[in-house]
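Presented below are the structures under discussion, each in the form of structure tokens.
Both complexes below contain chain A, partnered by chain B and then by chain C.
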Partner chain A sequence: MDNFRKKFIEEATEHIQDLEQALLELEHSPTNKPLIERVFRAMHSLKGSGAMFGFEKVSEFTHHLETIYDLVRNDEMAINAELLNLTLKSVDHLSLLLNEENEPPETLLEKHTSLLSQIEEYISANKESSVIQFEAKDKKKSEKQLQTYFILFQPYEDIMKNGTNPLFLIDELHTLGTCIATPIYYKIPQPEEFDPDKCYTSWQIYLATDVDINSITDVFIFVEDECVLEVNQIHESNLLENQEFINSINEIQKNQKELTVTEIKDIVTGLSQPEEKEQIKTNGEEKVVTVAVKEQTISSIRVSSDKLDQLMNLVSEMVTTQARLSLYAEQDGRPELLNIAENVQKLSRQLRDNAFSIVLIPIENMLTRFQRLVRDLSKDLKKDVVFEAEGTDTELDKTIIENLTDPLMHILRNSLDHGIELPDIRSKMGKPRQGKILLKAFYSGANVIIQVFDDGAGIDTSFIRTKAITKGLISPDAQLSKREILDLVFIPGFSTASKVTDVSGRGVGMDVVKRKIADIRGEVELESEVGIGTTLTIKLPLTLSIIDGLLVKIDEIHYVIPLSVIDKIYAVEHRKLMKSFNNMTILDGEQVPFFYLRSEFSLPESTAEYEEIIVVRYEDKSVGIAVDTVVGEYQAVLKPLGKHYKKQEIISGATILGDGTIALVLDTNKAIKQFANQTLIKEEVQ
Partner chain B sequence: MAKTILIVDDSESIREVVSFTLEHEGYNVLVAVDGKDALKFLDGQKIDLIITDLHMPVLDGIGLIKEVRALPDYLRIPILFLTTESQAAKKMEAKEAGATGWIIKPFVPAKLIEAINKVLR
Partner chain C sequence: MKDTVVNINSYLTFKLGEEIFGANVSKVLNILEMTKITKVPKAPAFMKGVINLRGAVLPLIDTRIKFDMGETDYTTNTCILVLDIDMAGESVHVGALVDSVQEVLEIDDAAILPPPSIGSKYKSEFIEGMAKTNDEFIMLLNMDLIFSTDEISLLRDSSGEVHVDLEEDSLESKKNNKKK
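Let's turn to the complex of A and B:
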């Protein structure tokens, strides 16, 4: 059952997301029928399956919400801001409830009760007599003695039309206790008039059982409108053990005589004391909710992310093994083997691309949360802000998306809090009263760029500069470009809010945003024009687990440098490198600072005549890295280093080469930063 | 020969919990995600029972029941529908369309088997 619960939670989470999305849209078009249907349907599904998988609270809760939206659907109640606020709050509560594996904690229960009463109040305030009680069905089985019932079951002729087989019902009665069923078949017509699709038989049944009369009528629940059914208790003991009684009914039934209850009772009286009779009627039922046809079609299947991770892992392993095969085939040299190796290489590449595309999900998935944030927060801040998104079908690795949501939320909070001005100020400045935040996503090579624009106040660089100086982050005479000044906001301990609000000044600064994005190998950049707005650009890799890299060798160790940062490679004489002044060399007529990796890694100088310098981008500069030799392009399947290597930042992972040896993946950005600091320290010491 | 039951529901969790229960009981189980999808199975192959949800995209339960009852091969096949609460009118509508019986959600496996036993042996 746990598995099903998990699946239910997944499904319910989707319903809740859909619900939230629909509610937000409903805010703009409160009379949109399909939207109301969508809301209703999501609630209906949550309620239905909720109870089934043990989420009674969820079910109970949605039931009340459903009641409201049923009224809305039937035009008996209108959507308004109050209702939407209440519903959205309830939806949040629902997701909290879903996350509670066990009995929800006290605080949640309190909230539950208070929200429930709010909803109930809302219903009764807006519509009398519309509260449908949520009934908990618990049939109490009272312990009873064996009783004898007489059951008359006369199906209508058409009973078999709907696929009912009356014999199964008789069979079912047999499972309830001791049962004697006598068919009455005198109504069966002559063969020429006989219609095999019709039922001509009725039954007289004696049943001795300990179940109550409801359980007996329950047997016939599907056919209650398709037959005459009478269930009468005839005695408070098991008459079917009474030989005298059996004999007398057998005698009567030989003649196919239909007995009435009274006649039976007379027989019973002849045996012992009669019992009062009980007539069963079928109950009338309640209000109906018709549910419209869902408009979405199912074009995808759900796979657990564990399985996907497993797939990715297997694909990575295969890519590694394939590299090994290629290497072996090359050494072996047999043309057939080379052929096969080449094919395997082609296939595994396709497989890899395919597997990667599977774990890519569109950024659309994050948007509802953002819309909600902008909506709620702008209201709190008394600002008027519209949130728009472009390129929502841009896809990213799911791990990246998961790790991106929080930083983006923070960025949006910042834009709302510090960026967009109050409506009055905006109109004074000649801007439209309504501010705008635009989230734009697009592909750029092997990267995805996500930009957040706002047309707010922008960032005042002189203010940042002053602040950085007072905080001691830069020296007062530092010469900084505009870009460098803006980058100061990403330094730990820098917060632009002059007063701490509960919105964005929560101690989580832009430095955390930057770090979190860096964790998924992304880069952040800030641009801003005072009075016009701010643009924050995030550059992300498409995937995290495989990188295209350049395989290089230093001493006997292989390193991989991500191709994405490499500009150009130069062969340079060893002599020249050693003679260079201040770690600068001239490449293509330009001065380029470089680091000699052998000395950075405390290895002896190379004895080779030529070495190679790889020019990589570091921030907006070019920096060279000198290595022994470049081996070639290499697709590296990233494997994490053990925890003992957590403290260093230069090596971001390792990969297994075709021959089984290990290559280390160099994070050039961090490496250069660290080398530069070391050089500075050295210089200061000297 | 094991009986074959076709389950029609757009909710994966319901499909799974029903098919798990039924497979455990020794039935062959076929699954469809909506009425239209279900009709694909009704191509003359032996199906002994259909269990369908009522609210589904594309073709809902009532629509499916009507379609099934129009197929000569499946005129008398028992059809159970899943319904969330005891809604008389919906039940009537489904019964008039030709449903044999219903199963009220939420249900425990025993209830499911009980309902099936009413229409299938």
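Let's turn to the complex of A and C:
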């Protein structure tokens, strides 16, 4: 049962997301029928499956919401801001309810009752207008003819494994009108082969009702993919009152014969009322609406992320083994083997690209949360802000997306709180009253760039400067470029809000954002014009598990340096490195500070005549690191070093080379930072 | 889960220098021969480096350094025990260098003596108990603790006497409690 619950929660979370998304869209086009339908559908699914899996609170609550949207759907109530606010609050409450394993705590229950009464109030307050319409509708209903439908319901064998009891569905049909359900059980196997978890029965159901065909299919909404369902209208009157018809279906039932729609129609035409016969003959063909919810070709499937992680591991392993094969084939030199190795290389590259694209998900997935945040927060702050997104189909590794949501929320909060001005101030400044936040995502080489623009007040550099001076972060006479001043925002303990609000500016500011983004190997940059707006740019790698790197060697140990940070490589004479003053060397006529990795790693000096300096970018500066030799480019499959090495920050991971040895991946940013600090300490001691 | 693990009475014995130690077999996944070790720069001395364990990267600890016996000299008998260690509730794999692997022994719980509170040179929390077989004492180790701690040495520090005093104090206070 726990398994079912888990599956339900997963599904329900999706429904809730969909619901939230649809509601937000509804705010902009309150009369959009398909959207209202989507809202209703999501609620209906939630209600039904909630009840099925014992989430009574969820289902009861959704039922009331659904009542409102049923009225909306039937044009008996209009969407307005008040209603949307109430619904969004309710949706939040629903997701809280879902997270409660057992009995929800007091506070939640209180909220539950208060929200419920709000919903009820809302319904009764808006009923007056709708009551009249109700009456009108009732009249229409009574005028409406009873219709007879023939429903063929063939559940797949596995339907019960998903916790569905087909009998409940048939019970639900009974509530719609007069109903005769005849089971077909000739498929039931011999007792020895009988599996009690499987459903062998199908049903032929005759239903006389005044509801339309959609309401009938709605009953089967949760099992759409788990059964063959055909709903056909067979007659425009209540055939179930016709004794002759009943007799003939009883006869069929005895014979356990499966009927097709045409056969049923034949029976209907064979009935003794001549006028009806005629009707069928004339209208029959057009009236048969087959809402075949048959086996559709499945375009996507749900896979657990554990399985995906496993797949990724296997593929990584495969890439490593393939590198080994290529190496061996090259050494061996047999042309046939070389051919095979080359083919395997091609295939494994394709396999790798395919596997990696599986775990990529579009950034669209996190947008709903942002839209919601902007909507709610701008209301709280009494600001008028519109949120737009471009390039929402840009895809990123799922772990990156997961880790990106929080920093982005914080950035948006900042833009709303400190960036966008109040409408009155905006109009005084000649700006449109409505502020705008734009999130833009696009590919750039092997990176994804995400930018957040706002057309707000911008960041006043002189203000930041003064603040940094009072906080003792910079000295009063420091000469800083605009860029450097803006970067001060990312220093821990720096929060630009002059008064602390509960929205942002809790002291944990942009430094956390920067750190979180650095954790997923991303970079952040800030640009701002006072009075015009602010742009925050985040540069991210496409995936976390493979990096393009440069393979280098120091004292028989291989290291990988990410290509993304490397500018240039120079060969330098060993004695020049040793004789250098203050760890500076001159490359291309420019002074570059460098670190001799051998001495940083406490290894003896190299005896080789030439060594190589790799110039990497470190916080906008160029810094050289000297290694023994550069081996070449290498695509490294990253593996963690394990908990025991978590203190060795300068090594961010390891990778296994073609010959089975391990190469260590060097985090140059952390390494240079650490080396620089050590040098400072040494100097101070001296 | 925990109980079933504790109830396995088989111990793998291994040697460090001349001393024999025992590790509960439930903690040992594999025994490997020596293989190429990649040293990780700027790591403490007992962190020997990493090895390639069938495509996974396994950190390696020099057990001798932990027991303050100096670095391991590699001989044909040197082995790597692949251990499954419980590190703050998480299962972590780690390799341990030992001088040689002896045998697997069945030791009844009843035959296990409490670790000596005085006289042992190792901190008592790392020793689960002592067992005597073939006229030799085997120290049964708390592998989880030894291989998850950051402490470099398992020796009692120079203030070891204070430890002893404290333990005696606590014993006395217990006695007093009983009297009351």
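As a convention for this text, the second predicted complex is superposed on the first by the 513 of 686 C-alpha atoms of A that agree within 3 Å, B and C clash if a C-alpha of one lies under 4 Å from a C-alpha of the other, contacts with A are read in each partner's own complex, and residues count from 1 in each chain.
The definition used in the following text is that contacts are C-beta pairs under 8 Å (C-beta built on N, C-alpha and C of every residue); 3 or more make two chains touch, one makes a residue touch a chain.
Not measured: the values here are computed from a predicted model.
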* Report the partner of chain A that touches more of its residues: chain B or chain C. => B
* Could you look at A:I170 and tell me whether it touches chain B, chain C, both or neither (first, second, both, neither)? => neither
* First, second, both or neither for A:L96, with chain B first and chain C second -> neither
* For A:R302, is the partner it touches chain B (first), chain C (second), both, or none of the two (neither)? -> first
* For A:M52, select first, second, both or neither according to whether it touches chain B, chain C, the two together, or no partner. => first
* To do: Tell me which partner A:H644 touches in the superposition: chain B (first), chain C (second), both or neither.
  => second
* To do: Please work out whether A:I469 is in contact with chain B alone, chain C alone, both, or neither, and reply first, second, both or neither.
  => neither
* **Complex interface listing, chain C residues touching chain A** => 36, 38-43, 47, 50-52, 55-59, 61, 87, 90, 92-94
* To do: Name, in rising order, each residue of chain B that touches chain A in their complex.
  => 10-14, 16-17, 20, 33-34, 54-58, 60, 76-79, 84, 86-92, 95, 98-102, 105-107, 117-121
* To do: Using the touch rule from the top, collect the residues of chain A that touch chain B in their complex.
  => 3-4, 7-8, 11, 41, 44-45, 47-49, 51-53, 59, 160-165, 168-169, 171-172, 197, 219, 221-222, 225, 284-291, 293-298, 302
* Structure fact -> Counting only contacts in the complex, chain A reaches chain C at residues 317, 320-321, 557-558, 600-602, 639-645, 647-648, 650-651, 654, 656, 660-664
